[in-house]
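The letters A, B, C and D name the chains in turn, as written, and every chain counts its residues from 1.
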């Protein structure tokens, strides 16, 4: 009888009883964080404490990057035409593609290849990195995850790696990412610092997240940022305005520091 | 000079320096959770501890509801045709609309109206609920947030309200939501329990989240669930299969309980 | 047995046999034009010759309006991020909403209301138009379909109405649209010429196309224009470029006239 | 000054003056058909009479294929959740991808490769087809454009090729498509008839339409069919119904023939 049925391993839905990856949802509510639930939904098991903190850090690092990314422009453009919030978000998600967010996936493939090569050839990370860099140069290909059109020293990459060290998440892939950064400078004589895409890529590899979920991690992280932009567009801007990302200024609160006082609820 | 510029208050982007709502992103990474960052992005300030836990609980409660909701079917259908993950997610987000997720917004409007009416008329919650229920009956309108086509006693609603009590989030709107539930039974003689949409609606009201962000909260919560479904479709199913949601079975792990052992990392 | 089945009246699909609204598709191919097939698919019957020509004229009039409309910007932005053509088109379609394309629907409602009022009150079109205009002024509402932010005398409106006269399509709604235009000038003392949205709205009313298909007509017309823009973006532009619609110039062929020589095939 | 500007060759927009590929739009309205305008928008020149008729035939052939294709299911699912028409269409367009519509592009690549090989090797079409078929078999790849999961003799392919012969559009690519079909039968001993995707692919090649526009041709053709389905869903069906494509029946008009009487206007 069941041979005509198709299986799903994510959620079991029965009247008054819901299981997410086996756990009653009513037990999860209030006991695990949203990012733990994300990990559970995607990976089929709960992360340990370090893994949960690392995922939180990754998601926080990518939540927004202002008004210039194409996802923000597509979302604001659709909002400006009068479309509902979910249409604007869908448009934003459609712009998270090869050239925007996609470097995480490319970079994961690079690190997977490099670490595998290291194992196969029994060479050191430094030797492996040198070979990989040469191959990319010969094929005139850019090394994905290195360099940024805007940030010369991405404030997010270092912080993410520092946390990964503390949490003991950093392993072979983070090591390889660092060695490649160092070797680029040494071999090519050019600073091409690991950017946030590259840092996240190395961390996702060390966390055993599949390469084909790289884009999803970025999308989940960025959707809240897009919500903030769409809401701002809908509530503060005239419909059908000319949107030129270069003509914007930051009009928000001045720089501030995390402190107990800021957590006040009203 | 700046009169031709438009302002955005969300993120300040300068070379090697990023501020989210005034906070350096590198300070936030590793110190706040993803749901705290979501609250910050949307509301312009960090939640207090209770608010952060409540938002986590709300997001966890809505992360997935199996294969039958239209968002899941739209996303799986697009994935099955060979589209990339972000296309499938965008299609899923487009299905989170008036009849799916939309009850949160309708329900928030109901509770806002009821609490405002209570204040204006200086009547008790019980009296106000009775008036509101009568008006809906006269206009033959359904009370949004009450009753569920599947669950007679939604396992999520009670849990969310229990947590709201513990965290002292529950206030005038949660009270009104409960009184209306009670009065429906008393006046109409019919059990129409508050469903998860209604429970979330009351909580968002008591948390001062704007009504026009209701759909966004649901979308942010559900996107990870959609990712899990799209990934399952892409990795486990034949392309272009006939997708009938009624023909599915749950093929995942058996029911289990939260326990330390489950948090193992591998 | 059939009580569990749902009906669709559009296309019958049997092995080696396809009926569109009752007609074998193999009979339609080569004998009717695309716009006749569009009319058939939507309305369930073929248009007469005049109706077919009018629909062609409407669709041609709306096929493109350059790079400034939000649908074009959303589509190009998604294309620029590396998304596939169908993602970019979907994003463009999402931007065809209340403030972009939506005036056709609003305008149809205006004309429907005006013509109905004329019938109910047995007043003349001139009297009815005066009443309607006054009501909009009192409520401080804009008359949809009149005035354009760019064109003071839209080259498309007059041409569409001239063709409608020739084809004897123009009837009560086109008349009302013209009378309202005239009366706006007379009553308010301001030229607010009927724009292309208003002209199409009046024509769709006289063609008995339902109001709820107004947006669809515009979308069907504009999708080919969006295809041209996405293709140009994908083949001629650098990915992730800064897209500012105000900084564009027209770089195409100089103005030319329709003539036999232009129909050469190569 | 212009060095900072970007060029677009599609539409010139000046006040009261619009040029599509050089032609004043007001001249085109009423004088060319929608499919001629589509060709003009995409290819930068008008088609000759045969080209226009061929494009009409191709677009008509693909306008709808009932309720089973993923584009229709995605669009109806989104409509059923209460989303607006343009959201449902966008969802439908997102499902026109690799496995649905995508065979046209794959098939064009096959025919391009085959005809190029024929020229390079100076072999006959029959010899070239045999080599190509062998290569696909060796690599265990399916020949795109041949065979159909539903139609054994697609009613659309033959009609399209008959028209192409009449109009003298059929050339080297149509010939190659036919020879491959014949050779599959001869070499493999299996009937794998050219399907409608393959037929359209060969025609687009002979019409010099670029391979990267293949999906666009299918999308432009199918959008009106999707509009009909979304409209039917919105006007005839209960929201949030369980949509199982296999449980549908055709409830439209009985089979009829093209005849003058059917073109009546009302």
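Following the convention adopted for this analysis, a residue touches a chain if its C-beta (ideal position, glycine included) is under 8 Å from a C-beta of that chain, and two chains touch if they have at least 3 such contacts.
Quick caveat, the model's predicted, so the values are computed rather than measured.
Here A-D and C-D are compared, and the pair linked by more C-beta contacts is C-D. Note on chain placement: the centre of chain B and the centre of chain D lie 41 Å apart, centres being C-alpha means.
Each chain gets a centre from the mean of its Cα atoms; for chain A and chain D, those two points are 37 Å apart.
In this assembly, the C-alpha centroid of chain C lies 22 Å from the C-alpha centroid of chain D. Residue positions of chain D touching 2 or more other chains: 68, 83-84, 86-87, 90-91, 94, 96-97, 243. Arrangement of the chains shown, judged by which pairs touch: all-to-all, with no pair of chains left without contact. The touching residues of chain B, counted against chain D in their complex, run 68, 70-71, 73-74, 77-78, 80-83, 87-88, 90-91, 94-100, 102, 149, 239-240, 242-246. Chain B meets chain C in the complex at residues 83-84, 86-87, 90. Interface residues of chain C facing chain D in the complex, by the touch rule stated above, are 2, 4-13, 15-35, 37-38, 41-42, 44-51, 53, 55-57, 59-61, 63-68, 84-87, 89-91, 93-94, 96-97, 150-156, 158-160, 162-163, 208, 210, 212-213, 215-216, 219-221, 223-225, 227-232, 234-235, 237, 241, 243, 247-258, 262-266.
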